[in-house]
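Each of the next two complexes has subunit A plus one more chain, namely subunit B in the first and subunit C in the second.
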Partner chain A sequence: MITGTDISFFFDPGSIAVVGASPTPGKPSHIILENLKIIGFKGTTYPVNPKYSYIGDLKCYSSLTEIKDNIDVAIFVIPASKVLETLKEADNLKGAIIVSGGFKEVGDEGRKLEEELKKVIERKGIRVLGPNCLGVYDTISSVDTFFVTGEKVERPKKGGLSILTQSGSFALMIMDEMAKDDIGVARVVSYGNMVDVSESDCLDFLADDVATKVVVLYIESVDDGRKFVDAASRCAKKKPVVAVKVGKRETGVHAARSHTGAVSGRYEIYRAAFKKAGIIEVDGYEGLKDACKVLNSYTPVEGKKVLIITDGGGVGVSMADTCEDMGLEVTGLTEDTRKRLRSKLPVISATGNPIDLTGSVTDEDYVTALEEGFRDGYDLAIVTTLWAPPELTEGLVDKLKGVMEICNKPLIICSPGGKFARRMSKVFEEMGMPVFFTPESAARAAAVLTGCKR
Partner chain B sequence: MNKEDAKRLIDEALAVGRQNLLEPEAKVVVSAWGIQVPASVLVKGPEDIAKAEMITPPFVLKVVSPDILHKTEVNGVITGIESKEEVGKALTEMKMHLAQKAPEARIEGFLLEEMAPEGVEVIIGGLNDPQFGPVVMFGIGGIAVELLKDVSFRLAPLDRTEVFDMMKEVKSYPLLTGFRGKEPVDMDELASAIMKLSEIVFEIKEIKELEINPLLVCGNKVMAVDARVILETI
Partner chain C sequence: MITGTDISFFFDPGSIAVVGASPTPGKPSHIILENLKIIGFKGTTYPVNPKYSYIGDLKCYSSLTEIKDNIDVAIFVIPASKVLETLKEADNLKGAIIVSGGFKEVGDEGRKLEEELKKVIERKGIRVLGPNCLGVYDTISSVDTFFVTGEKVERPKKGGLSILTQSGSFALMIMDEMAKDDIGVARVVSYGNMVDVSESDCLDFLADDVATKVVVLYIESVDDGRKFVDAASRCAKKKPVVAVKVGKRETGVHAARSHTGAVSGRYEIYRAAFKKAGIIEVDGYEGLKDACKVLNSYTPVEGKKVLIITDGGGVGVSMADTCEDMGLEVTGLTEDTRKRLRSKLPVISATGNPIDLTGSVTDEDYVTALEEGFRDGYDLAIVTTLWAPPELTEGLVDKLKGVMEICNKPLIICSPGGKFARRMSKVFEEMGMPVFFTPESAARAAAVLTGCKR
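So, the complex of A and B:
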């Protein structure tokens, strides 16, 4: 069967075959069968292995050809050397997820095998994710092809974040972190060696996917540069696309015969491509986590003007420094606003940007500072609350939420500290307001919302 | 010469297996797209010195050779030539240096050019990347580019907003806006030159690398003082 360009069936398969299915707990193929059950896959599951007639309560087939129906996705969990022959004899496959390693990532022999694989799937018209990948974790259609137990890597709940990654280990790390931070995901794709389905194909799908609100990319290298830029541009026009690029020190391919050639490493060109596509680039793992957290709650803003409000002078200055470094605009308040603030706030408050409400702050002062400050056209605010001031109460959370709804601007909460601060952060997060624990992390989150590519 | 002539020049160079254009040829290409270059004449020997009357001193004399990529390293550039009479002297001197420092180099002639006025020197470059296609680079001259790699990149084709963003992105941007009481440069003119370079690398895929270094910006004048083109058969 010739499948064509649409790859959406990977994210809504009616049937899944597990080739190399094992009844032995702990084996990757067995874990996949279990995970499909745990997530509540609604389609038909076909274990395939000539050695068994049943695995659990599922009938086990000796080969793919024995299955009379067409199969949307066959997951290959067999040695690389056996993948090709199994694929060749099957005529009822729409797509395959080849989990098996041992292809181009292992050198010349594997590279040859992968070229062979490419020919076979092109001839047969089968679409393939992988090889050397984990496949799909999808909360929308309840599919989980990851061969890692939920005990070791917790699965995030259903949500709007979709993640595309070449690296399987990255997929696992970020999923575990998202689950820990109670951030929901829609589709997670680990696409490995990209013998067929590439990041661009996935971006095309996610661009039109209503369940996906934000796209997160982890990129080592892309397949076809211009195709990637086109797909990412189309996607980024519809929803935020965030990317982290690793392998930054890879040297350029250009001869050093001009300065242009000499200074243009691969990373520089990738950055240019991200900019062209409107992708928000983040730096490293921490940057990506902050981005996921903030985009899970807020949508990007138009400008770069940030208002900083704090009750601690020191942390305020530190926050302003970090924001400037990230490319945000920490512009001062207008004289009119300062006048109004001076008449309403405790006399010792500093009415610049940051607005420092000092240790004599009350919950209501935060509201005043935000309401007045936002009249000066700021795009978003960072509220850095140290919980030390005696008159500050838990009631602040509700008040800030109220202000945020009235002003309709994102409030990024920065709440450094220990037990009490962490307890308060839970309360904030229950109200849908993400909390960041260091000025750097809060500023990074703000930069993501303003599209500053740092 | 127009764009078609420039394209023909590139095709002809590739046809005979050349991998780069000589400076005068590279300048034909950039000027075909409307980037200004200094007035110049090509002199082969003392018999051509009379040609100097067609242009106005002070002059700069530069060696033209397919084998010499970095002219200053072999004393292949003499600046501040004040008169037609001095041209002969400069020519003799340069030939002597070249005989010592680049005895093997094929010499096609010498480019006698009007010296550009003083201004801010920027580098604009373009390349055709095998993966991402045409790319444009911007940097503000000298040490900032070579040592600090203070440059910005964008994929071509570029719109005006992208050009302004890439100029603002480099740390040495204030040098363009009147640093320490200097005259600010005409950003619109500079932006136009970058857009033209972007068009060249976008249109001519055979250009592997194109670099104008320096591009001199003085008030509202923008001039390609030196240009380099590396070619590739596609």
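So, the complex of A and C:
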């Protein structure tokens, strides 16, 4: 019997069986065994393959039934055609991760196979992630069922982001990217075709998961719209939930169908559902990346009023354009504030929004601009730092951190350019201030915090 | 008398005077003297400052008139208020780069000063870049008048891109970025307030400049629309011209005004002018960066039909969405081609557009997909390479290069992710194939080559 919505054992299994385990390095099943070792899985690992009696130093079982233990999660790394019979035999399984492809994503025959699979697992009460998925990467309970080596795709450190995705390749891309940017994750779930466990089940789990601070969703399709809105709403009340919907256009829709067998449906319906659930929607991969970065450091704000501060006029203009495009409010400063700014900043500065401190800028001018600007009720600021101005020093980072703590508003740093800018961005990030490398990227991050969607 | 449109001497000066030259390291005028040395300027450099008799090993002159030589370019690094009298005295000047700010970008008083400046230079026949600009960075004639050190902003190597920009900060950002990405430039001109030399004059020069293969424009405003369209049309007939227009929205327009004193006007007018002139318009800084990268390797194509090949379904879907958003045509494959593909690719592959080779992909599958796909008349291909699939090897790069040479169509590589992907991107780029790190970025690059504008 399917045990309701309790899927928490996937995120804290006591035992894992790898069905189709191979002793050959490079084989997916072997990579999974290795990855479980590397991440330090604390439970028992059972390789299953009638051909071997040992794999490495692990005893290998001829079948699931031979294992005299209850198995929390069996990972199936065998051809689709063999999954069903193996499942039918097993009577000691709580859950399965079916990595194998060859189900509804490959057409009619696969669809039939998947329907049969659905019946079998319902009858036996086995909860299933997949098929056509990677499973779970979990830094909290030290589980890694992804059949890709860390050399090819780096694993991010422990942190507060949890990622739910229909697409395995998307999971890999974003994990690799998070590792590169030194952003930590809690749980990453690649759930593929969703024969059983859906994004809604995962959302239900993550809503109550204290380790998860932010939820990131990659969605091609949702099976049960009402269930999704309910689960997402409950989750979004407790923590920020960000989503990207792909398969918006006709070709994208077709591509999605042959990918996870999903009928991705009309985009407008998804958009309305996201809004209803309180989900922050972002555009594409870039939008999602920026969302992960900014929500890793800041929580969303109430309003949409953004203060733009720059020391390069051109970037300021470009930033103002982009922010307005995204629905942020680039409202002007009050006359009082402008007066105070004029008395405190060099005459050459422009005291609009953006405040352009020009190439004559000093570290202290940024502080002045922020302190005075924030008096006008802005919800957050985008601070562009071009490093060419000769008076600007590394001390700026400390000063901005200080202002941020006093004003208690998020500062989104935009630091485009090359080597010097990248070096300074490390200094910012060590202080917990995320840095974005283009005006567009900074504006996207601001849009996420204010709940705007282009 | 202003010598018509001949401004070529700015890009090949025999002599340069630095007015307001300082021996103090870190001062803008001193940085300029240093940068001229570093780039290896081959003409004569004349420091001018009544306070010194030598600066380093260069004789320093008390005034321009004291120099008994005709001066091609005098760089003014003195307060705005002193520029006019110095110019009035000089009678041996062909051109000037007025770095100084404090003209029309600071309001009414500055505007008056700039009008007076205009009269003086017209009367004396001196061609002027600026005021409120950085001047010229030129790898062909070895000139660097930018008052920023190479430590803060790296200089790109010699190459075929020439960049024209009203915004100095934009010039710095993009130069730094090009240096980071190892893309070469020919001439970079920061022309600021345009009291005399305009983007149109520069376009006229670049149209006939054999060193310039691609022209990149950052535009806040254009003074003479007809002249601009004429010059740009002539240039665009000879080489690709890309433009980004900033100051589109009201706040952006305001910001532009207080930046270079420009009235940036209605965006729609610019858009129509770009179209008329055959300019490829791009969006923002990201659009410009991607354009520089892709045009550094490829020339534009005739049509808009893009073939998408991927080994990750999710990225494929996302790519298809983005390409359609940008106006590219993601047309399906013919039934014949699909048949041939089905007979040659693993059964799990999806033979639509995108062609999804899945995680079972081999190097050779990419070749098959491209060779067969291109039979259907696509103008270019976006090839996404996720490196997780175990059969994929570094040899793929060579193979793709080979296909590209045979098919004679541009391949835009999209390789998102972390360390491994970045390492592979170096291998691609060494083979002359530009790599883009997000689906959006790859789609923007494809849009540039096909002349699409979101």
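Definition applied: the second predicted complex is superposed on the first by the 434 of 454 C-alpha atoms of A that agree within 3 Å, B and C clash if a C-alpha of one lies under 4 Å from a C-alpha of the other, contacts with A are read in each partner's own complex, and residues count from 1 in each chain.
Heads up, the rule we're going with is that a contact is a pair of C-beta atoms (placed from the backbone, for glycine too) under 8 Å apart; a residue touches a chain by one contact, two chains touch by 3 or more.
Owing to the predicted nature of the structure, the values given are computational and were not obtained by experimental measurement.
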Touch check for A:L386: first (subunit B), second (subunit C), both, or neither?
second
Is A:P416 in contact with subunit B, with subunit C, with both, or with neither (first, second, both, neither)?
second
Check whether A:I269 is in contact with subunit B, with subunit C, with both or with neither, and answer first, second, both or neither.
first
Considering only touches as defined above, state whether A:G225 meets subunit B (first), subunit C (second), both or neither.
first
Mind working out whether A:D311 is in touch with subunit B, subunit C, both or neither, as first, second, both or neither?
second
Once the shared chain is lined up, is A:G26 touching subunit B (first), subunit C (second), both, or neither of them?
second
Kindly list the residues of subunit A that each of subunit B and subunit C touches, one partner per complex.
254-255, 258-260, 264
Parts of subunit C lying in touch with subunit A, wherever the complex brings them together:
26, 28, 101-102, 105-106, 148, 151-154, 165-170, 172-173, 176-177, 179-180, 218, 220, 246-252, 254-256, 258-260, 264, 284-286, 289, 310-318, 320-325, 330, 332, 347-348, 350, 352-354, 356, 358-359, 386-388, 390, 416-422, 438-441
Give every residue of subunit B touching subunit A within the complex, in rising order.
20, 69, 123, 125-127, 129-133, 135, 137, 139, 145-146, 149, 151, 153-155, 162, 165, 208-211, 213, 228, 230
Considering the complex alone, what residue numbers of subunit A touch subunit B?
222, 224-226, 229, 253-255, 257-261, 263-264, 268-269, 271-273, 275-276
